[in-house]
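Going in written order, the chains are labelled A, B and C, and every chain counts its residues from 1.
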Amino acid sequence: MELATFIQTIANSVVAGSIYATVAVGLALAFGVMQMANHAHGEFFMLGAYVVYVFYALGGMPFPFAVLLAIPTIAVIGLLTERLIFRPTRGNVLAGFMATAGLTWILQVAAGRIWGLAFMKKIPTPYMGAATIAGAQIGLQRVIIIPAACILLGLLWFFLYRVKLGKGLRACAQDPEAAALQGISINKMTALAMGIAGAYAGVAGALMAPIHAVTPYMGRDLLITAFIVVIVGGMASIEGAVLAAFLLGFIHTFITTIFDATSGVMVGVAFMAFILIVKPTGLMGRVKA
Amino acid sequence: MSVLPFFAREYHVEILIIFLINVILATSYRLIATTGDWTLCHVVLLGVGAYASALMAKHFGWPFWMTAPLAGATAGLVGLGIVYPLLRTVGFGFFIASLAIGEFIRLIWIKFHTPFGGPRGMINIPYVGELGPIDFYEAIPYYFMTLVITLVCVIIMYRIDRSRIGDTFKSIYEDDILAASIGIRVGRYRSLAFVLGSFFAGIAGALMAHRLNAIDPHIFGLDEMVYLLVWVVAGGTATFAGPIIGVAVMSFLFEWTRPLLEWRPLFFGAILIGFLIFMPGGLESLIPKFTRLFGNRNAVPAKAEQPAGAKEPVV
Amino acid sequence: MKKKKIFGLSVRIPLLLALIVTFSVVSGTTALSAEDTINIGFLAALSGPDAGWGLPGLTGNQIFIDRVNAEGGLLVGGKRYKLKMHAFDDEATGSKALQGARQLVLEHDVKFISAIGGTPADATHPFLTKKKVFYATLISTDIMPDRPYLIGGGDVTPRIDMLRPWYHKFNNPKLKRWAVTSQDETIGRTCQAWEVGSAIAEGWDVVYDKHFSLETTDFAPVVTAILATKPDVVSLNLTWPDFVTLIIEQLYLQGYKGIISANYIDTESVMQKVPIEYMELTKSANSFPLFDDPWWGEQSWQHEFIKEWNAKFGPGAPQDVKRKITGIDWDHVIMLMVWAHGAQLAGSFDPDEILKALRAAPMIPTILGPAVMYGKEMWGIDNMVSPPVPIAEVKADCKCKRIQAHIKFEEWFESRKDTIIKVVKEKGQYFDQRK
C-alpha cells in the first residue's frame, strides 16, 4: 500500500468510526435503559439525512443549521417510538425489537411516498474541495465529520457524567429499581434515552447526507454494523460502543481498500463472533450479551 | 388439503405449494423458539438447504429424494457450527448475533461466484423429475409431494414437541437456571433445538430450490426474515399450531393486498406492531376462547399467554 | 387401547381454520378477460429498494396502451384488440417473479411481459418458455439460446459500453490508458467483460479492470486505487446511477483530469457534488439520452412523449407521480412497442410468428431509431433488438446531456468481434459459459 493510500485509508477509517460511534451510542444508551432495542435506528439515520434534504437542498437553509434541525426532529420521532412502541412492550426486548422492525417498513415506505423513489436525492455538497494530507486527498465534507462527532460525543459524556439528569439516566441504566426508589421516573428516563438515541442517529444521518446516497433504504446496511458495534462494545456500554465503533471503522475500511466491501463486512461479523467466544460480555460490558 | 388442488386453478396450486413450504419453515422456527432462543438467521438456513440441494443436484446429478434429506443435514451441520458462538448469548443477544452470523453466510454466497454463483445466484437447478407417469414439473404432482413431505416434517416436529425433549426445551424457556440445577445440560439442548430447526428449514429450502429452479442470496435476506417473524408473531408460539395459523392467515393477507403495490410493506409493518402490542399471544390466543364458545369440554385448558419472545435475559 | 391421535384438538381446529382460509384464497375468482382484449404483464419490483427501476416503467407502458386503445385497439390480422396491463410486484426476487409469471399467465393470460430482468429472468424463463410468453428484459445479458421468447435490447447495455472505447478513441487517438470498474454482480461482470474486449479491440491498454462490491458506501479507496494506475479514461461501465454520482465526486476530489465515461450519468445529481464545468471538461459521456434533447427534432416521437407524460403524470396532472420523468419511464415501453409492431407484421399474436416476422423485417421502428434483430454471436440467439446507440456528453451551458453521436452497432461489431469475443471468453462471461 502506498503512503498516500495508507494515510487516506486511515482518514477514512476515522470518519467511518466517527459515524459508527455517533450512531451506536444512541443504540447502546437506549438498550441500557430498560432494554430498548431499536430496529428502526437505521431509519432514524435515514430520516436525519432527509431533514437535510428538505431544509438544506430544497429549503435553502445553511447546511449547519439543517444539521442542527435534524436533532430535535428525529428526537421527537424517537420519543414517539418510545411512547407508542417501547412502552407498551416494556419488559420484552424481542417484542420491542420486532415491532420496530415493522416501524422500519413503515418509515421506508413513508419516505419513498413523501419524497419519491427513483434515484438518490440531489443534495449539493456544502463544502466542496479536498484537504491534502501528505499527498492524500480527503474531501472536506468528510473531514468535518470528525470534529462534529467529537463534539457530539463530548457533549453526551458531559451530559451523562456532569448533569444531574444524565446521572439519573446512568443510574436508571445500572439498576432501574434502585433508581425508581430514588424517585427517578422510569418513564421519563426511557423517553429521554430514546430522544437522545433518535437525536444522535438523526444528526449522524444529517452529517452523512452530502456524501452518502440518500434513499429510503440507506439505513438498512447500517443496522447490522451498528448492532455489531453495540455487541462488541458490551451491549449497554457507551464507552465500549465508541471503542468498538472505531475498531470496526478501521476493520471495515482497511479490508475494503485492500480487498472489497463484502469481505469487510464478513471480517466485521467474524470479529464479533470472536469477541462473543472469548469475552461474551463484550469489550467493556458488564452484562452478558 | 388433499382434494383442494383439483378444484383450484393452477396458479392457486402454486400458492398452496409456497404455503406448505412456509408451514415447514414457520413450524421449525417455533421448534427453536420453544427454548426461548429467537433467531434471525432462520431464512438463511432455509437458503443453506436450498443451495446445498441445488449444488448436489447440479454437480453430482443426485435425485431429489437424496438431496432433500442431505440438504436438511447440511443446514443442520451449519446450524451446529454457528450455534457455538451463539450459545454464549441469550435472549436479545442471541437474536441480534444470529442476524449478524446469518448475514455472514449470505455474504459467502455473494462473495464466492464458484460454486454459489455470486449475487445472481444459481440457475438451471434440476427439476425433481418424473416418477413413472407422474411429472413433478406439473403443479399438482409437486403439490402432493410437498404435502406429503410437509406432513411428515410437521408430524415429526409435533412428536418432538410432545416428547421429553420438547418438554426439556420448554423447561429451558421457563427457567434455564432451574433447568441447569436439576441436571439438564442447557447448552446441549439449546444446540439440539437449533440444529433440529435448521434441519427442517433445510428441507424446506430443498423443496423451494427445486420448485423455483433458480435461487439467489436476495431471497434469503432480512426482509424475508421479518416476514417469517410476522407469521410467527401473528400466529403465536405457545401452541404447536400457532405458527401454522400465522402462515395461513398472513399468506392470505399477503395475496389479498397485492393491489397495494409499494404500500404493502407499510401495511405489514403496521400488522406486526399491532400484534405485538395488542395481541402479544397471537391468533392462537383466540383459540381457547373460540373452543369454549362452542362448549367443547375436551378443549385443552387455556395456556398462559406466551408473548412473542418474552424472556428476561440473565443478568 | 385408546388410539393415539396424531394431532391434538388444539392443533386440529387451527388446521381446519388454515384450510378454510386457504380455500377462500383459492376460490377467489378473477374474471377472465373478454375475447378482443389482449393482456400484457408488468413484472418488476414495485415496492422496496428496487422499485425505482420498476414503478416508473408503468407510466411509459400506460401511455402507449392508452394511445392504442384510443385508436380503437391494436390492428392485428384485420381485427382490433384493446390492450390491458396487469402489474405484479416481484420485489426483485426470483421466487416472487416466478409466482408473478404464473399469476400473469395462468390468471390473466398475458401474451407479453415487461420486466427488469436479472434473477427474475433466470427464475421465470423455464415456465415462460413452456407457456410461450414473451419476456422483455432491460438487460440484454439475460438473452440465451434456451430462452426463445426472452427478448431484450431496448436498454442499450452492453452495446453502449462497447461503443464508448471506440468513441473516445475516435475523438482522442493519442490516449492509451483505459480504466474500468462497475459493481460486483453478474450483469456488471458480463457487461464489463464486453467493454474490456472492445477496449482491447480499439487498441486501449486496459490498466484497471475490477469490481467494487455492492456494500461499498465510501468510494474514496476505490477511486484512489483506480487513479494509482494513471488512466486517461475512467469508465464506469454500467455502474448504477447512485454509485456513478459518488464515484465522480471522488474523481473530482482526488484531482482527476482525464475523461469520464459511464453508462448512465444523472446530470442533476452529479451537479450537486461537482461543478458542471468539471463534467464538461472530463467529457463525461454516457448513453441515456434526454427526450427533450433538440437533437431529436421538434416533431419527434420523443418530444411528444414528454408532453404526453407531463400531461398524464407531471405536476398537477390527475396521476401526478411527484417526480420528474426519468429514463426508466420510457425504457420499458421500447420493447412493448417492438412486440406490438411484430404482432402487426405477423398478423397474429402467435409468439413464433411474431419472432419470425421481426427477424425477417429489414427494419424495426423503435423509439431510439431503426433497429434489427441481432445478437447471435453475443448471446447465441438473435433476440436482441438493436437500435442505434446514442452517445451523449454533459454540457455546461444547458447543464444537461446532449447527444453527440448515434452509432449503428452491427457494422462496428462485425469488424471487431473476433478479438472481443476472445476476451469475453477468457473472462468466462460468454453466454455458453454460464451454466
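The definition used in the following text is that a residue touches a chain if its C-beta (ideal position, glycine included) is under 8 Å from a C-beta of that chain, and two chains touch if they have at least 3 such contacts.
Values in this document were obtained by computation on a predicted structure and should not be read as measured data.
Interface comparison, B-C versus A-C: the pair with the greater number of contacting C-beta pairs is B-C. When you average the Cα atoms of each chain and compare centres, the chain farthest from subunit A turns out to be C.
Separation between the centroids of subunit A and subunit B, computed from CA atoms only, is 32 Å.
In whole angstrom, the spacing between the mean C-alpha positions of subunit A and subunit C is 36. Residue positions of subunit A touching 2 or more other chains: 109, 112, 117, 220, 262-263, 265.
Along subunit B, residues 110, 262-263, 265 each make contact with two or more other chains. Of all residues in subunit C, those touching 2 or more other chains are 47-48, 51, 55, 184, 213-214, listed in ascending order. Listing the residues of subunit A that touch subunit C in their complex gives 2, 4-5, 8-9, 12, 15-16, 57, 109, 112, 116-120, 122-125, 128-130, 137-139, 142, 210-213, 215-217, 220-221, 253, 256-257, 260-265.
Residues of subunit B that touch subunit C in their complex: 1, 4, 7-12, 14-16, 18-19, 58, 110, 117-121, 123-124, 155, 158, 208, 212-216, 218-219, 223, 239-242, 244-245, 247-249, 251-252, 255-256, 258, 261-265, 284, 287, 290-291, 296, 298-300. Put simply, subunit C touches subunit A in their complex at residues 47-49, 51-52, 55-56, 184, 211-218, 220-221, 224-225, 228, 241-243, 245-246, 249-250, 253-255, 266, 268-269, 271-275, 321-323, 326, 328. Put simply, subunit A touches subunit B in their complex at residues 35, 37, 85, 88-89, 91-99, 101-106, 108-110, 112-113, 117, 220, 224, 227-228, 231, 235, 262-263, 265-266, 269-270, 272-273, 276-277, 280, 287-289. By the touch criterion given at the top, residues 6-11, 13-15, 17-19, 21-27, 46-48, 51, 55, 87-89, 91-95, 98-99, 102-103, 106-107, 118-119, 122-123, 126, 184-187, 189, 213-214, 434-435 of subunit C touch subunit B in their complex.
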